[in-house]
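In structure tokens below, several structures.
Across the two complexes that follow, chain A remains constant while its partner is chain B and subsequently chain C.
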Partner chain A sequence: MKKLWKDPSSAFCLSFLLLITLLALLAPLLTPYRYDQIAADPLLGASWSHLFGTDEIGRDIFTRIVYAGQVSLLVGLCSTLIALLFGVVLGLVSGYYGGALDALISRFLDGLLAFPSIILALAVMAVLGPNIYNAMLAIGLVSVPIFARITRGSVLTMKSREFVEASRSMGAGDGRIMFGVILPNSLSPLLVQFSLTFASAVLIEAGLSFLGLGVQPPTPSWGSMLNAAKSYLTISPLYSIVAGAAVFLTVLCLNLLGDSLRDHLDPRMNKRR
Partner chain B sequence: MKRLGFVLLLFLMLVSLTACGGERAVEAGADAGGGTLRVALNSEPTTLNPYIWAALNDRNVFLQLYNSLMEYDPQTLKPVPGLIREAKASEDGLTYTFTLQEGVTFHNGKPMTADDVKASLAKAMTPEATRTAPLLKAIKEVKVDGDRQLTVLLNNRDSLLLDSLVEVFVTPNDPSIDHSKHPVGTGPFKLNAWVRNEKVVLEKNEAYWKQGLPKLSRLEFVPIPDAEVKTLQLLNGQVDFIDIAPITRLGEIEKSTDYQLARLGEESAIQDHLMLINNAKAPMNDRRFRKALDYALDREVIKKALFGNFVVRSGPLPDSHETANRDIPKTTMDKAKARELLKASGYKGEPVELLYHKIDSMYDIVAQIAEQSLKDIGVNVTLRGVEIAQFSQLVFTKKSYDLALTGIVPKPNPVDMLNHPFGKTNGASMQWQSKEWAANLLRVSQLPEAEGRELLKQLQSQLADQMPGIIVGGLIQTPAMSRAVSGFVPNPQSKLYFETVSVSKK
Partner chain C sequence: MNESLLDVNSLTVGYRDGSRPISILNQVTFRIRKGETLGIVGESGCGKSMTSLAVMGLLASPLQVQEGSIRLEETELTGLSAKQMNRYRGKDLAMIFQEPMTSLNPVFTIGSQIEEALAIHLPLSRSEVRKRAIELLQLVGIPSPEKRHGDYPHQLSGGMRQRAMIAIALACEPRLLILDEPTTALDVTIQAQILELLASLKEKSGMSMMFITHDLGVMMKMADRVIVMYGGRIVETAPIAKLYEEPLHPYTQGLWKAIPSADTLNQRLYSIPGTVPDPREETPGCRFAGRCPHARQECLAAVPPLVPMDEDRSVACILYS
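Entry: the complex of A and B
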């Protein structure tokens, strides 16, 4: 962690993500308005009472941006956790037992990977219906294969290593070996992937909401705000800029952070330095 | 050699493709001075038959091909002569004598006679003609009294007969003509070509009976389903006219020096944003609850958010309408009163869902403001936006909803302006026990004028008292066009008439 703070790019990303998280968590304390409150005339410019102006029906854009942060970060976090949970279990089982089970799970994952993630998420949302929980589920589902692949790869390289054999000879069961021995030693690539998947989850959520399939009004989401704002681009450009910048900077910072994490956690990269 | 052969083959393929396209190509219409107007519609018409049609796009295209027996004056909303030049009613209101316009010919060159009008009325009265048959129920018999004279005998008095004739278009008495694809009318334009999914091309009817009209030599209807794409095509000069400018682009178009809006005056706005209320379900079955919703609505905010394309009113008739009941106090937002009524209704925070369709961003905006207004007085409301097909199924077929927002387009007569929101399909979906009210409404047109007017006022009072649904406000849809276009008059029913329109040369 200390190494991350020393790196200027990682430090900037961490600071920005901390700021966004704090803004999202403290939203009710930071703004006098509710996210659905019509506080003034529509499409007002920036002022002290409305830092980023007002939206198409007169709601404070700053308030909606910070509340939308709650939605985006929550959807990003939960869907990444869903993907991590299912992906790790599938990857461990597949890699550890091998054989027909491995082939079956791997082909299933290949099937999921065959679809572009946004298209698969769109299809899932179309079937389940648009709301925040289904968005988490859909985004989580499309991210399962990558976690499963990474875990399976780690299991395959580790399952014949000495420390795994030692555990087995000491009488450890399959479950203990998978979750207590192999998994803790595979955390580094998973941690890096967590950060990258988090970024892509935020982006997919924004995409779904932009298309009207994510979070439903009046609950704000960066994607739905961007969709509304695009129609007023010439009248109120700040509206689009703010909504776009929120998605852009968050995703950029998560990606850069993922890269930094990989650089710091990968022993080969450390050697090169 | 092989390469040369390939190039020759490619050339031949291109030539044959071009030749195939030539069959479908629009006949080169001579743009003889009047100019060409390119109009963007949401979709292409499904039919050009003026008796059996479904979508507004059908109507907006065939309006150029046919004339109706009567027309509406867009200012006064009263029926004025169309193909009927003069209409005289007998003292008892049971006999009408019509004199037709002189010198009217169909696109096929045949002069229009009273016999054609009789046949057209018969077609408009068949059960398949669902839009006109119910309006013409009072007609007992139509007699031809000469080339230009007709007598219509009624079963009962019908003060709305002339209004109903606005919906009746005249075609030749020739059953061999298929008007759905090869229309023959008396209108200002005739069909030149219909290239499926591409465009419908109309050309000037040189023998049009209205002198000096139409001004255009050619009219093209282009189907563009997406509102944003339609607007961009207007702004890029690919089309000259769009039927409805998106609310989100109104400000931009209004400020532009190259484009203009044809905004309807508030006094002529007869279309409504309607909040349907499921009267059969609690808590909506209490009229105090329904009235509380009415008092809660912030109509001024809706008007601002819709860039003025909204009329602040709570009654179904425009305030300036002669039959509007002015004794009914206008509902202005009063949150304290709304909370009082809500409390009196015994409402205890039961969840209520406000359903709306996403057919236009305008409905999104109205729904979000309405939801916020209801939340402000303590209604536990959630918003649900669905596609139009799902909306129709939930509201009209299953009647499975609490509150639902939609737009309605009544005819410009007071009976339909009440019947459309609270009778017919909408009334049924609201499950309002209104048999007596509905029967009285149908009686209005059968009464002498003064009595009918009095009854209309009583019916409006009953509506204000019972509040089965809420008129959120007047709905205005605004066409947009290039500044080169002149002579277009916006219509209260969003009908597009182009006979007086011209396009100046750039």
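Entry: the complex of A and C
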């Protein structure tokens, strides 16, 4: 963790992510407006009372950006946790037991991977109906296969290691070996993937909301704000820019953070530096 | 001292190749008395490790016990489910593996790994478990055990790691400790220390040991009785002293001749010609016949049975029947 702060790129990413998390958490304290409050004339430019101007019906854009941050980060976090939970369990079970069960789980996951993730998430949302919880589920579902594959791969390499055999010789049962012995040895790739999947979850959420299938108005979301802003691109470019920048910077930072985590956690990469 | 702890009776282990059963261990019969150390010697691939894995119930599919029984005192181990077997593994039976470098879990401290072993079988509180773990570290001769308790395996040397492995294996005071070449991966001085430690631990606890090695010098030091295995069968069994003075089976004689010694310094080291036969090639006769200097026509006809020579030694060779 200390090493991450020493590396300038990951230090920047960490600080930005902390900043945006704090902004989102402290939103009610930071702005005098509510996110659905019509505070001034529509489409005003930047000013001291409206940092990023106002939107098409006169709501404060800064307020909506930070509240949207709550939604985007929450959806991103929850869907990544859902994916992690199911992915890890499926991966452990299929890698550990192998055979027909492994084939069944792996083919199912291959099936999920065959769809582009945004299309799959769209389809799931269309079936479940658009709201924030279904968005978490849908985005979580599309990210399950990647976690399952990483876990399965690492189970396969760990399974034949001597310390696993040694634990078995001490009387450890299957569950204890899977969760207590193999899983702790597979954490670093999962941590890296967590960061990368978090980024793509934020992106997919923005995409869904942009298409009107994600979080429903008046709750703000970066995606739906971008959608609204695109009609006023010439009159109020700042609107699009801040909404886009919020998504862009968050996703970029999560991805870069994932990369530096990988660099620091992978001992083979460490030697080269 | 004469009561047996482990009774293995005509144990046959193998797998099925299509419809043809292939046996890797064949009719292996031996027993280990309470407090006794039984050594198993033989070349690589002769079934030593397979025997120990079968006793531990750790045979990996497709390998399975095809015939025979393994009894731990009153309990028959062969038919037990994985869950029932887990109650004996670690508690009554413990095993130490060859590679101390890879047998410890790299992401946990050695203290927590000992505590884990305790927690699986014994209903102890957290502080009791910790206290016991430190006692165990002390018992196996790890200096400043409180400090080492929090060390990760990569912070320890090979000898210390093997000591930690021994501490884990001894955690629940097993009645039988199986050692699968426990010192092969260590250098000679450390090897001597570990053997010393094992001998003194055995003296203190009165447990039985099954000691697998291909190092006859180590065997001399550790074992009370020795089984010589070849091609998945027992070819000779005898107390170590008798085996040393007068090896009967040609294979045992060959093994003995292959030990380097000071007076054969400038000679080419003896080795038994040929290699261990593939278990898939079924031969009706003695498995060793192809490499045996005394082989005759009859050797190829039937497998020689293990014939008792006197009260505590037997040999499976046509020369003695």
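Rule of thumb we're sticking to: the second predicted complex is superposed on the first by the 273 of 273 C-alpha atoms of A that agree within 3 Å, B and C clash if a C-alpha of one lies under 4 Å from a C-alpha of the other, contacts with A are read in each partner's own complex, and residues count from 1 in each chain.
Throughout what follows, a residue touches a chain if its C-beta (ideal position, glycine included) is under 8 Å from a C-beta of that chain, and two chains touch if they have at least 3 such contacts.
In this text the structure is predicted, and so the values were computed from the model without any measurement.
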When chain B and chain C are modelled together on chain A, clash or fit: fit
Touching partner for A:E56 - first (chain B), second (chain C), both, neither: first
Chain B versus chain C as contact partner of A:G212, first or second or both or neither: first
Spatial angle chain C-chain A-chain B, Cα centroids [nearest 10 degrees]: 150
First, second, both or neither for A:T234, with chain B first and chain C second: first
Partner chain(s) touched by A:I38 [first = chain B, second = chain C, both, neither]: first
Partner chain in contact with A:D7 - chain B first, chain C second, else both or neither: neither
Shortest span in Å between Cα atoms of chain B and of chain C, once chain A is used as the common reference: 51
Overlapping contact positions on chain A, where the chain C interface meets the chain B interface: none
Residue ranges of chain C touching chain A (in the complex, touch as defined): 56, 58, 82-83, 86-91, 93-95, 97, 99, 102-108, 116-117, 120-121, 165, 168-169, 171
Chain A residues within the chain B interface of the complex: 36-38, 41-42, 56-58, 212, 216-218, 231-232, 234-235
List of chain B residues in touch with chain A within their complex: 228, 246, 248-249, 251-252, 298, 301, 304-305, 358, 361, 364-365, 367-369, 371-372, 375, 383-385
Chain A to chain C touching residues, read off their complex: 161-163, 165-174, 176, 180-181, 184-185, 187
